[in-house]
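Look at the two complexes coming up: chain A is in both, with chain B in one and chain C in the other.
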Partner chain A sequence: MMIDFFIAYRPLIDLFLLHTGYALGQYLVLRSGTFSIGSAGLTAIGAYTAASLTVKLGLPVPLSILVATVASVLISMLLAWPLTRLRGVYQAIATLAFVQVVLSLNIYAEGITGGAMGLSGIPKAVGTWTLLISVAVAIYLVASLNNSRTGRAFDAIRQDEAVAVSLGVAISRYQLLAFALSGALAGYFGALEAFHVYSLEPNQFGFPFLVAVLSYVVLGGRHSVWGPVVGTAVLVALPELSRPLADYRMLVYGLLLILVINFMPRGIVDTWIDFRKRRLRVQAAQVREKEAA
Partner chain B sequence: MIIQQLLNGLIVGGVYALFAIGFTLVFGIHQILNLAHGAVFMTGAFVALYSVLAGLPLWLGFVLGVIGGGILSVLIEFVAFRRLRKQGEEEFGAIISAIGVNLILITVAQKISGTQIMRFPFETFPVVVYEFAGLRVSALQLVMAVLAALLVFSITWYLSKTAAGRQVRAVAGNERAAVLSGVNPNFVFFQTFFMSGALAAAAGVMVGLAFNNIHFMMGEPYLLRGFVVIILGGLGSISGALVAGLLLGMIQTLSVAYLPSGLTDTIIFSLLFLILLVRPHGLLGRPEAGLMRGR
Partner chain C sequence: MSKALILDGVSKNFGGVVAAHEVRMQVPAGRVTGLIGPNGAGKTTLVNLITGMLPLTSGSIRFGEDEISQLSAHEISRAGFARTFQNIRLLKEATVLENLLIGFHQRESSSLLANLLGLPASRRETRRTTDAALALLERFGMRHFADFPAAALAYGHQRRVEMMRAIASEPALLMLDEPVAGMNDVEAGELGDIFKNLSQQQGMGILLIEHNIRFVTKMCEYIYVLDGGRIIAEGSPAQVVSNPAVIAAYLGS
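This part shows the complex of A and B:
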């Protein structure tokens, strides 16, 4: 019974795991108070570096994944240097430009990337288990980061930069760290995707991809680590629930985005956590009143 | 040859400017980056096309498209931005909300058109080419240039010379102070969003006619180029968007003509990235527009 379910929904589970990885990468930069939406470009760099190293140069798969991840981290850190000096909207536009540059270079550099036709004949080396373990490790790492001094510094920066600075938080250094980790996640999961799907196509990491990943985080929540996980689960599973939902998938995404940002701007998970906390506090107060009486 | 290219670029650039002025207007006045602007552009082309297919004359289709774009843009403000504005969540929230609107409009257009590429019937606009001092200009290009100039001129005139335009600029300067001195902010929002949408739709109809290639995704490349124009010109600056639009049109046609094909987008978007690094307030924007972090 359990096995049947697993086999029937395996492609969906794989999709969910890969996209959870991307969502976590996007989540990290947003959490550190930068409005970068460049992770689509970093994912493309990870995927293409890994695939071309193995297909064109015959490098072993794990080594390609490692090199691809390192490349994404370096490029993400290069991006961070100018970006952390700009303000919100400008960061979003600059990273959008970065995504477009990566996309057009991928189409142009035919010798390395296969151009508009894409790369094919990539060995399939990544299965569900690899993805599952990777996502589990990523969630664990991000969660422990959140509970550390760094996580609290991120919160301070996001809520009020002036206060954060006056408390001695070195904003650029923490945001550089967020960019590096986000680049690592984006590049690593991009590389996993390359070895999971046999072929890559440049447009798969364009504007629609960027919008999807951003939607996961907005819907799920931008504070708790479970936000991006839940957001991805909901948006990946939604089209499977019924045929009309699949036909109008983008319309449903759009409606959800508008509704969530207007009526539940903190996302599903963070709103729920708040709600729980408030109820616990009310209960505790009631207990205290009873004891006093 | 190069002068012919520059002339073609100037006309393409006029369309970019028309598109980007509405984009930058809404940002300059309301600090909202309306990512659904490309979908309004596409809707304008759709309305004009379906009007012509239904047997209406082209000029009426153009007018209907422009009005339709304006109304759509006002509706977008009402549905997607008004609530966020009251919560003070313009920056992040409005971008997300606008992405949502964009997805909805694109999906609806896709379903209506059956994912087809559509064209205006042959000779909807008579194909006439004039030769002047060795330069070739089509009648359509001339009409586009004149219309674009006329629209830009009337918007600037409206904003700088009329009482209603002064109210708009008062809100751009300081919304609270404007409201205290009796300006109705909702009416100002109505005006800016209507103008912005009407300009985008006008650009959409022109592009639809000029390239005769109308489909549900046609707004996206213009939205992406719109970013380049408004940053190059300076976010919120109308004259900047005009200059930058014309410039981008020329850069693009020259790059297509003289550089390896396929590198055009790389050049344009690297340019955008570079401007943000060295001169984030663009050519004509105000440097104090609050674009760097206060640190």
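This part shows the complex of A and C:
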């Protein structure tokens, strides 16, 4: 029974795992108070770098993945340099431009990326287990970070930069760090995707991809590490649960986002955690009152 | 802890507007020094200059022997400065406890690798910081508010949380920007006792910026009066309140 489920839904599970990795990368920059939507570009860089190193130069797969991840980290840090001087919607616009540049390169740098034809004949070296372990490790790392001085600094910066700086938080250093880690996740999972799907095509990591990844985080929540995981699960499963919806995927995403932003601005997971905390507080207050009486 | 903050000829122009002109001030350790002046006198600008939020046009700001006016804002904080804000600034999505945790940031030192891998050093640090924050809440009688969302607290309590967050790092110099605004005399008196305690028992230097003249004259041994970006009077509370220039600035001539 369990095995049947696993076999039938394996492509969906793989998709969920890959996209959870992307969502975590997007989550990290948002958490540090940077409105960057450039992770789609970094994912493309990771995927193309890894694929071309193996297909064209014959590098072993693990080495290609490593180089692709490092390349994404470096480019992400380069991107951070101008971006941490911008704020809010200007960051979004600048990173959107970055994604467009990467997409154009995918098409015009034919020698490396295969141009409009894309890259094919990529060895399939990544399966469900690799993805599962990768996601588990990524969740562990992000959760550890959240529960440390670095995570607390991210939270303070996101909520009020003036307060953060007045308490000695070096804002640009932490945002550079968030970009580096986000680049690592985007590039690494991009490379995994390359070795998972046989071929890459230039528009794979375009605007619809970017909106999807952003939606995972907005829907799931931006505080708890489980926010992006749950958001991805819901949005990946949704078109499968109701087949007719699949054709209108972007429409459904758009509607869901509007609803969530208006009625559940903290996302599914964080809203639920808040609700639980409030109940516990009420219970604690009742206990105190009883003791007093 | 016995260093004094010294402002020497500090000036700041915004285009043609002079927000601070040749300001000379001293805030010694272990005392509460007052800074008063009518609305728009440039009091908050002065705090922003001291904390590095704004660059100086000219002049020098020293802490003990060290020139600090060239440091960036977070470095100045690390040199031992902390402040509260005129319009309370708490982290609104965070609980009271989480608001205090960030106050300890500069006391924490675990490495990024330890943070990322969740090594014992990082976990221990988080536990230590949480214990310290809870102890601070206990000391100010707010332990049972720890898990409350900061934004849900009453005004007076929000002020307290902001102040606790500022003193969490045990700064050598604390700048309070209208800490008792909107409070009644009883609440103001309670906070006043805390400030006195911090300066006298812990040797903290405190710069108190206030509108409430009664409160300032009760708290401070030495008061500066700012108007139009200039120090127009300074001295003991008695000297300052009887100074004709001060009366003119407050009541209009």
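Just so we're on the same page, the second predicted complex is superposed on the first by the 293 of 293 C-alpha atoms of A that agree within 3 Å, B and C clash if a C-alpha of one lies under 4 Å from a C-alpha of the other, contacts with A are read in each partner's own complex, and residues count from 1 in each chain.
Note that a contact is a pair of C-beta atoms (placed from the backbone, for glycine too) under 8 Å apart; a residue touches a chain by one contact, two chains touch by 3 or more.
Since we're looking at a predicted model, the values are computed, not measured.
Residue contacts after overlaying the shared chain place A:Ile171 against chain B and chain C alike. When both complexes are overlaid on chain A, the residue A:Ala125 reaches neither chain B nor chain C. Contacts of A:Gln159 after superposition: chain C is touched, whereas chain B is not reached.
In the superposition on chain A, contact of A:Phe207 is made with chain B only, not with chain C.
Using the contact criterion defined above for the overlaid structures, shared-chain residue A:Ala97 touches chain B, although it does not reach chain C.
By the touch criterion stated above, A:Met264 is placed in contact with neither chain B nor chain C. Of the two partner chains placed around the shared chain by superposition, chain B is the only one that A:Pro82 touches, whereas chain C remains out of contact. With both structures placed on the common chain, the touch criterion links A:Leu145 to chain C but leaves chain B unconnected. Where the contact sets of chain A with chain B and with chain C meet, they give residues 162, 165, 171. Remark: chain C residues 51, 53, 73-74, 77-78, 82-83, 85, 89-95, 98, 101-103, 105-106, 108, 110, 112, 114-118, 122-123, 125-126, 129, 144, 147-149, 165-166, 169 touch chain A in the complex. Those residues of chain B that touch chain A in the shared complex are 27, 33, 79-80, 83-84, 87, 89, 91-93, 95-97, 99-104, 106-108, 111, 220, 224, 227-228, 231, 235, 260, 262-266, 269-270, 272-273, 276-277, 280, 290-295.
For chain A in complex with chain C, the residues that touch the partner chain are 140-141, 143-145, 147-153, 155-156, 159-160, 162-171, 177, 181, 223, 266, 274, 277, 280-281, 284, 288. Contacts from chain A toward chain B in the complex involve residues 35, 82, 84-90, 92-94, 96-98, 100-101, 103-105, 107-108, 161-162, 165, 171, 207, 211, 214-215, 218, 248, 250-251, 253-258, 261-262, 265.
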